[in-house]
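Note that the chains take the letters A, B, C and D in the order they are written out, and that residue 1 is the start of every chain.
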Amino acid sequence: QGVDLNADLGEGLGGRQLTDDEALLTMVTSANIACGFHAGDPSTMRRVCALAAARGVRIGAQVSYHDLVGFGRRPMEVPPRELADEVAYQIGALRVFAQAAGTELAYVKPHGALYNRIVWDESQADAVVDGILLTGADLPVLGLPGSAVHRAAAAARLPIVTEAFADRAYRPDGTLVPRTEPGAVISDPEQVIKRSVMMVTEGSVFAATGQRVPVAAESLCLHGDTPGAVELAARVREALIGAGVDIRPFV
Amino acid sequence: QGVDLNADLGEGLGGRQLTDDEALLTMVTSANIACGFHAGDPSTMRRVCALAAARGVRIGAQVSYHDLVGFGRRPMEVPPRELADEVAYQIGALRVFAQAAGTELAYVKPHGALYNRIVWDESQADAVVDGILLTGADLPVLGLPGSAVHRAAAAARLPIVTEAFADRAYRPDGTLVPRTEPGAVISDPEQVIKRSVMMVTEGSVFAATGQRVPVAAESLCLHGDTPGAVELAARVREALIGAGVDIRPFV
Amino acid sequence: QGVDLNADLGEGLGGRQLTDDEALLTMVTSANIACGFHAGDPSTMRRVCALAAARGVRIGAQVSYHDLVGFGRRPMEVPPRELADEVAYQIGALRVFAQAAGTELAYVKPHGALYNRIVWDESQADAVVDGILLTGADLPVLGLPGSAVHRAAAAARLPIVTEAFADRAYRPDGTLVPRTEPGAVISDPEQVIKRSVMMVTEGSVFAATGQRVPVAAESLCLHGDTPGAVELAARVREALIGAGVDIRPFV
Amino acid sequence: QGVDLNADLGEGLGGRQLTDDEALLTMVTSANIACGFHAGDPSTMRRVCALAAARGVRIGAQVSYHDLVGFGRRPMEVPPRELADEVAYQIGALRVFAQAAGTELAYVKPHGALYNRIVWDESQADAVVDGILLTGADLPVLGLPGSAVHRAAAAARLPIVTEAFADRAYRPDGTLVPRTEPGAVISDPEQVIKRSVMMVTEGSVFAATGQRVPVAAESLCLHGDTPGAVELAARVREALIGAGVDIRPFV
């Protein structure tokens, strides 16, 4: 029994570091690296790629809307063709640093508002997949189970990888409680740890309403940008290993 | 006897087109395509790459300082390591669209303030070459004869390609009269055409002071962003062909 | 009988000029000046403000989503509070240059995707009005008759100014035919001129379907970024004057 | 005996907060607020202005080169006229939020590479002062004693305010040891506290080489973006108060 651990990394800008990339890279097996559209400058991209490659952590392109000022949190009505081109641009830029680090780009995980949008927006989901295809690489798409982007990726014969969130509340239908609702984010570390282990070992989790919800995820998303994030990530990892789970990249 | 013709293309942004890319692509053999740092959005990059590839025009990465607001005209003291990473990022991004168009990126030509800076700044010249090497491709560097970036490229065993400017005045030592001086830019179309032919067929040109100056260039740079630019480019091309010159890419 | 003529100006960036600001300023009475979020750098803003003030042309803040790469053409789901702050920021920046030119900012006209969005989006319309109120100035809002932003402005006791488009097709209900539909933009100069005069002198125009539609506009929008735009603007202006219309600013 | 305490605030972007603005605002008397060119989005500017005004902390415009990706750390050769316009733009934008908070912009303190540049670059120093004058406000300039920008400000009859750095090593001539040299930054909290008190109560400090150097500063700069910054700022403040120093704004 095994699981991949992924986290957003390289979200610094101009020398300011937002996440403790070095520490998180000792815990995760997949690094979603910002590509410069919502965060991440070229030197940060290069540095984090080199660190990831040196530790055997897989490198994923964390593609985003072009919104540096808004950190990619604001949904945009980008025409599909334009969005595909923006995704391809970001993948091409990050690929240089993955290859310079002696490895290859391993997957794509959209960021923020784009991630949430392509859970349901078929047109933008298709555009993201078109952007990946433009790059000529059959990159797996890391995303929410049942999302539009996963359907689009499958239709284009791209591999899909499902993920779950240890610190997010689920609804009985398996979708996430939106962040705008109370209780959407679980802040108690003990709860997060318990849920992580349950998700991986039992393939389910308790919904906010009490029901057991199946959550079959190949990867668990850890958050790196909150206070105490690094320590919590370390504890989740330890708890999983203690429960006999093999922490390993999905690719 | 032959010569390459190059021009800056794809300098539009957000649907606004600055240069008549379609027309210029019927005249040049090498297209310096903006990579998003001084101009050029992903969709423009893709479109111009596709048009260039369809016509057999070579695609070059017109890398720049990161200065969209200033169109890359303002010199920046970017630390060399950072500059190398910025160059690699831009090349990686453009490469995706060259490959999607069924071809390969063929060369690099720095833009604006960066172009002028690395005529003499050894440190930034080395950084640009380091950026090219980071991408793993032995891309030729198109630049001014005798420039620091050409020395750096040669030292790194990258091919170098020299260029001349038909509409710029030269000093007796073969350098350009700076734009800040009167008479730096030659605006009379007849003069530009005459000088183009002389540069290519005789390998020399008259300096502002009257002396004949050797100008051995493998490529001639045409400007595409001035009124009448397209018509002038067409006339230069015709005059060269009329003088028995073979218009052909340098690679 | 009179009408105001407005046009988008100062949409250049980094020394590249998109519109012929000098020529257009001899024709319009109100200049919608870009504030740096979709186009327009500080030096362009200052220069165009000075030119406008010297000619007695009113200065309006052409506020936009923050999307330089997309020229503000892409709708964004900016939280209302954030949007209000972005509007206030742009107005504050432009106000400096209006005052430095010896005049005052006279009105606000949202740009592109934001303009279209606040025709119907109550929340963003309120946010734009909140942004204006934040600046402490009772600035008139130039917009489409019946738009949500006009309702919001009226509710906040801001003056509203209606505009019509001489080169756009109307539907029988007085709304514009969307640009995505055929015939949305009228390109025949004679038609544009005839409609301009009819709109102002008769207060109506023929819809695409043939009916006469009332169009009571205090300002007529001229486009400055198309080939032949300056010449067409001049002819519209002449035709209006010839029909006895007084061309005068609305404020 | 009194001194002003200033710190850089509002350097977040898109919801990410770089400095603990709330905590620092309980310690400083002057807040240098980022204006969107190196950091700081409109909502952050508004929020920090409101917090500062509520506490009676003075609001200063932390103007910068336009370099969001590089956090304003990279010197730029901006033509003086353009730089003046960029400074005026930023001041105008921030002024809106200061006024919305019921107060007025109180001073200007350039950021990062621009701050360092105008210690010696007369042309850019003049440009910064020209930018302030463009806004029509006689804003004091907070800067290094003896700097070119202070000479330019004095020549233009703008008030000047001198500052000292508690955590930076000084040379015998009163200039700072450059960050590129070892020992430039003093990281021992005890040393920083001791030097702060000595600077204010004795008007001097020990240079790296041991000599006593006169440091007559009206304001002491505290850094807010390092780990432990808030705690250190609190201790410096306490120590100063304990030594009988009155912590008060310079304006």
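Simple rule for what comes next: contacts are C-beta pairs under 8 Å (C-beta built on N, C-alpha and C of every residue); 3 or more make two chains touch, one makes a residue touch a chain.
Everything numeric in this text was worked out from a predicted model, so none of it was measured.
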item	value
Contact-richer chain pair [C-D vs A-C]	C-D
Subunit A and subunit C, separation of their C-alpha mean positions in angstrom	42
Per-residue multi-chain contacts in subunit D, two or more chains	36, 41, 67, 69-70, 82
Topology of the chain contact graph, where touching chains are joined (line, ring, star, complete, other)	complete
Residue numbers on subunit B that touch subunit D, as the complex places them	66-67, 69-70, 74-79, 82, 113
Touching residues on subunit D, where the partner in the complex is subunit C	36, 41-43, 45-46, 81-82, 85-86, 88-97, 99-100, 134-136
Subunit B contact footprint on subunit C (complex, rising order)	11, 13-16, 18, 36, 38, 41, 67-73, 225
